[in-house]
Amino acid sequence: MALYELLNLTFQFLDSFAFIVLATVGLAIIFGMMGIINLAHGEFILVGAYATTLSFNLLGVPLVLAMLVGIIATTVYGIILERLIIHRLYGRLLDSMVVTFGISLVMIQLTRIVFGNSLDQIGTPFGGISYGVYSYSAYRIMLAGAAILTLAALYVVFTRTTFGIKARATIQDEETARSMGVDTDRMYLSTFAIGSALAGLTGALYAPTITMSPDLGANFLVEAFVAVVVGGPSVLIGTSLAGGFLGTIDAIFTYVGGTFIGQVALLTAAIFAIRFLPDGITGLLEDIRAKRREAQ
Amino acid sequence: MATSDPTVKTTAAVDETGVETDTILQTRGLRKQFGGLTATDDVDFGIDEGELRCLIGPNGAGKSTFLKLLTGRLEPTAGSIYYDGDEIGHLPSHERVSRGISMKFQVPSIYPDLSVRENLRIPLQRIADPDTFEQRTRETLERFHLEGTADETAANLSHGQQQRLEIAMAMTLEPTLMLLDEPVAGLSVEETAEVADLLRTINAEDDVAFVVIEHDIDFVETIADQVTVLHDGAIFREGSIEDVRNDPAVKRIYLGEEE
Amino acid sequence: MSYPSISRRRVLAGGTAGALAALGGCLEEGGVVGGGNGNGDDGPTIGILEDRSGEFALNGTSKWQSSLLAVEEINENGGVLGEEIEVYDPDPQSDNQRYQELTREAINSEDVDALWAGYSSATREAIRPIINDEEQLYFYTTQYEGGVCDRTTFAMGATARQQLGAVIPYMIEEYGPRIYTIAADYNFGQISGDWVRILAEEHGAEVLDEEYIPLGETDFGSTINNIQGEDPDFIASMLVGDSHTNFYEQRADTGLDIPMASSTTMAQGYEHLRVEPPALEDMYVGVNYMQEIETESSQEFVDSFYEMFPDADYLNQEAQNNYFSVHMWADAVERAGTFDQEEVIAELESGIEVDAPEGTIELDPATHHMTHHMRIGHADENHEVTFDEEQYIEPSFLHEVGCDLTSESEQTQYEPEEFYDAI
Amino acid sequence: MSSDSSASLAARLRAPFEGPNTIGNSNGFWASFGVAVLLLAIYPVLFGPYAAATSSVFLVYALLGVSLCFIWGFCGILSFGQVAFFGVAGYTFGIVAINLSSYTGVTLGIVAGIAVATLFAALLGYFMFYGGVRDVYVTIITLVVALVLHTFLGQTAGSEWAVGEAALGGFNGMVGIPDLGVGVGDVGITLDGAMHYYAALAALIATYLGLRVLVNSQFGYAMVATREDEARTEMFGYNTTFIKFVTFTIGGALAGLSGVLFVTWGNYIDPSEFAITAAAMPVIWASIGGRESIFGTIAAAIAIQWLELQLTGEWALVIVGSLLIIVMLAIPKGIAPGIRDLIVALQTRRQEPASDSPAPTEEVSD
Amino acid sequence: MLEIESLGVSYGKTPILRDIDITVDDGEIVGIMGKNGVGKTTLVKAVMGLLEASDGRIVFDGDVVVDATEASADDASNGVTGHLATALGLGSTAGTWVSADERARRGMGYIPQGRDVFPELTVRENLKMGESINEDDDEVRYEDVYDYFPILEERRSQEAGTLSGGQQQMLAIGRALIGNPDLLLLDEPSEGVQPSIVQDITRDLQQVNRDLGTTILFVEQNLHVVQHLAERCYAIDKGTIVDELGPDRMQEREAVTEYLAV
């Protein structure tokens, strides 16, 4: 029995971890690398989820293909938005917050006007894993794998490819990057497109598990913000660690005290994390690394 | 108290706390580490009341770190700072300023979006009665050759005017010790001469002690008698400008071959 | 509730300056430009404040639509007292502040003769002070936790006692006495949870555990594990809102096949149509109306509804309540011969009967609640809904606690925990 | 009395309210300020007490906007959680006034509401500023604090969550909150309906003028200096941490005042006041109106809330959202500073009649 | 290699540069000297394409990269509607305009003032940034850069921000060289670098010019660099060219110091 309960806890952790990482990663790229606080992040996820659901329901394409449609649709959407609006907001951190809030209002309501109050939901594939009297959704556990894969892929893209180096260089010093032959406009656009694609991926992956309504984005926004801040400046490592840290807190407190306690514990942990680690977990990590170097 | 580095000259008498009596500022074993990097290494540095001292050294010698330790922007890893007999190494910046230490940054860091008058008001209102603001502003502008700029936005001043405004703001607080980080970086010959003149006048008239970090060795020559050379975070040489300039070791690490 | 020493209608109390008194007096008379208080020559207006955007749009839209249908039917038949009814129907966007502003606007500027407003209990509570203060005739049409006993408020929806009172005993008989309650963590959910316990006690059953889930929660992994650990005979589910709908999907996904009893699913948010089958397999819900009910009166209503709104998503229980209550109000006005709200209330309190799509039902004068035809809707593995049993259930709780608005005008909400030991 | 001396009297009266830290120091500005106040004052007379009672809440929102404008525009602290203090004050007022049902209770409730909000802001400010939290992280902590309150109060439904007579009420909110009033025991004055409107108007005008004095005072200069360059300001001997702490606390107190006025307007408060949509509103008002202009923020708050109420159809939120985007892109500093720049530009042009190139009006269209 | 004809640059309505005429021949090292604030950095940035010209032409390697002779400086930036148009990004650029990244691809290399390396990229990644301009041309590769500056090889996986000032300057030069530019633009290579390193860097640049035939145009106010590096020199003051010094006059200390801050 104790083993089964440990499994319960593990699965709940994986579930929370996947949710936090996937909710955060697109936002983290756009915030961490481009200095845009995207309050419409949840609505980018909405685009991914809706495109996936609609192409599955209306076109009858297989789920994986529908998810691909979701990702592509969100990417295209992100590119259009970047060209129309977002590129005017680089370097205007707080203004970007207000504008994207406006975008979020418009998107939710337009979705409602165009698609109505809900869409028929896709069923969750794979069924459950049973152990003892318990069972857990296999799909939701699989999402943890998807989260880790996503992080790994991003790590490779941003540190091992010329594109990644150019993108990081552009973010650090746009002018110099331009003088090195980098089309910085395109770099910003590409980075934003990647952030959008990740939001689309999140929407696509969660489409079979969540209710399709125009305000579904709100489900993701709070966790995403908290994790970005707790993660700190180093986007990818920060997101993984914040996902791990907050996922653990969420799983344990939910397990002990129920969903409400889990939620409150998550937010409270975030406040304390920000207060005592003003540079996030990665800031702490750098301090520790520096100390170890000193000791050697 | 003997200093660990034999090249440091200690000329002043020492009182029972180990702090030299006419010394306004004294550091003891001041050290700052950033992770594995020791930016400032056991520095014992002293400056007398009314002295004008220049601090030179190659890039990365720890000059800026040292200055930041003095102003309180950085917390020392070890060691202490005595100012006017009190240990101030752990006081926040603003309290050090209240005790009479003023600082001018490397880049002119005035408030660019405020007018000159408003810029001056910020230090002024800390020490003066509101009724005297107008008059004191006028006096200050005159003294620092900024007449007629009172209502300009500070960003619109020339580089030299900005440097002077910043010194004026620092001086408004009537400090006893002023820390200047490269006060003539990027100034023209005339402007440099003007600043040198200004510093000497202030030093003489107001009895303010100066610690000046500077790259321009010619400028150093025109203003300072005593020079401290920092290297690798530690004091490398201390002495008159001629001694230092002719020291082969200093030449090797810093000045390079003269043509 | 409001303390007696300060009368709301009196602007001044105690010794205050004469200037203020004069100003106050002037203001009491209404402004110079407009917004007067008198019921001038304008025709009768009713206020329909139902959400068409925001969190509750899914539930609110058809409430708004069916109200318009009722108004159109009345106007086509010559209106009320020979006058066409006008509708004041801005969208409150599921925002309680907006509800407050719009309610004041409806009462003071639009001078509505009757008001229908709001889906959630929170909305009802937000505008309740204004309704009571202004003594506005108000119809609240959502199925709810029950207990509201206000002089000018008429609760048209079935209460928790009526709905759970139909379904819980049925489930105990069908599946057994061990119950696990999951409910939304707010007043409605908690009071519903209380009712499940009261009903369990009355029928010799037992509530194993209760879990109250915050609104907006989407992850039910731990909840499902907890239920599996207890292995109840059935689940009493009073989850609310879109996020909570995820529970059913996750339940199916993990293979949890314990039957469920509910007062909140299907009839309001048509989860059986939105969620992929078989997520709601073996869901039993106590309802007074669903569009799937195959009586003649129901089918007529469904037909005219979709004729007017061909693109409508669903015709829910609350929409039916709006529909019959608009008709009922018009009927009461006709009988009273005036739009005067006091007289209309008196007429309603005379024990009015209405032919609703759910069947002929009557208003209980003492409690301002309806006696409803309660059915138990059952969803099978394909989400086909069938109805097993029909009972005619009175709003008995308020009677038991002594709410009698015909003799005493009060503004109270009664809660079951004050009257039952089971809690 | 000669016109000169009356002019100088006016100048002396105006002096404490004026300075480079506020927009609008001209005769023209004060004249239009007077007109605005007058219009607001006779609004209930023109449109009736019911219109006033409905509109009162716009003034309350304006005050909430001002509480943010003050700390953001003048000290550079963007709090996304002004609603936290607003809401906490509202709940506190409710608890006190419901339990002590008399004029004394209401009066104490006002004091307690503002005091608790102030204390809460002070604690949070101390926690953040003395802990080295800065910039966007302050913004996010304050937002998270509001969300924690949202989550917490949302589940306070049961009877165990009651303070004396006052039930917190969970998601359904706290009901039965009394009207605004002042007095002792049974003797006092109730400020409801149009009187609530006047109370809110008085609070708003007093706050506006008070803040103008404050931002043009020595402390105001210290705030502005901190906003412009914190490190530099510290080098002039200012304790910038303390300045931010005090500013933030004052902002909390003002938000608390507006919270008290808010709950006495609707006799109700619920946790949605702490939700992200509610939290965004003050930021929006200040951004649109111009965060460095108190007057602009007030005007924007009233205008935006009024506009939202007028827009009733399904396109309402689309229009509001689009307006937000367009204004922020076209006039990044907000409308009030935009107007000031425009006036300055026009004046400069008038002074230089040589450069009289007519403003092309058609070029915007593409 | 480079011809600049009556170039003008303004910030808003304030003219910074006027009527600049400069010619640089293939393989030459040309200096532009002037005090602080006379427009040196503006000039280099305008050549590189990081600032827009309000007037004049720039011809690089036979191609016109800037032609602003027809474009009027105040068409879009004037008036209320103009302001609005600018705010909405509707401002238009007339004439020819080749963007900075395109100029880099055509063979301009740029070493910004203040050793602007990418601080959070490693040394190796910084060099890769330079390499990415000219991927199919392997005349100068990492090995050659490491030959010039062995210290960079030693520190190749260290973040550039942790290097000393002199090392960063070497990295900035190496990064530009690895793209094998035809024209190297330097903005005050001596700034903030200690005197002994300045001498090294001067030597290295001459070496590069000799070995690879790279044309060099630099702006500077350091006497040593101007005298030792440049073959020919322009003097700039108050936004315009005030003098041109041939090799003979370059050797007269007074002729040079007249225009410098030393």
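By written order: A, B, C, D and E. Residues from 1 in each chain.
Keep in mind that, in the parts below, a contact is a pair of C-beta atoms (placed from the backbone, for glycine too) under 8 Å apart; a residue touches a chain by one contact, two chains touch by 3 or more.
Given the structure is predicted, the values throughout are model-derived calculations rather than measurements.
Each chain gets a centre from the mean of its Cα atoms; the one farthest from the centre of chain E is C. Chain centres here are C-alpha means, and the one lying farthest from chain B is C.
Annotation: 33 Å between the Cα-based centres of chain B and chain E. Note on chain placement: the centre of chain A and the centre of chain B lie 48 Å apart, centres being C-alpha means. In whole angstrom, the spacing between the mean C-alpha positions of chain B and chain C is 75. Mean C-alpha positions place chain C and chain E at a centre distance of 74 Å. Residues of chain A found to touch two or more other chains are 88, 109, 112, 218, 260, 263. Of all residues in chain E, none touches 2 or more other chains. Contacts with at least two other chains are made by residues 151, 155, 314, 316-317, 329, 332 of chain D.
Contact residues of chain A toward chain D in the complex are 37, 39, 85, 88, 92-95, 97-99, 101-106, 108-110, 112-113, 218, 221-222, 225-226, 229, 260, 263-264, 267-268, 270-271, 274-276, 278.
Residues 44-54, 57, 101-103, 105, 151, 154-155, 157-159, 169-173, 175-179, 181, 183, 186-190, 192-195, 265-268, 270, 272, 277, 308-309, 312-314, 316-317 of chain D are the ones touching chain C in the complex.
The touching residues of chain A, when paired with chain E in their complex, are 88, 162, 165-166, 168-169, 172-173, 175-184. Every residue of chain A that touches chain C in the complex is listed here, in rising order: 8, 11-12, 15-16, 19, 109, 112, 116-124, 126-128, 130, 133-137, 139-140, 209-216, 218-219, 254-255, 258-260, 262-263. Touching chain B in their complex are the following residues of chain D: 20, 218, 221-222, 224-225, 228-229, 231-241.
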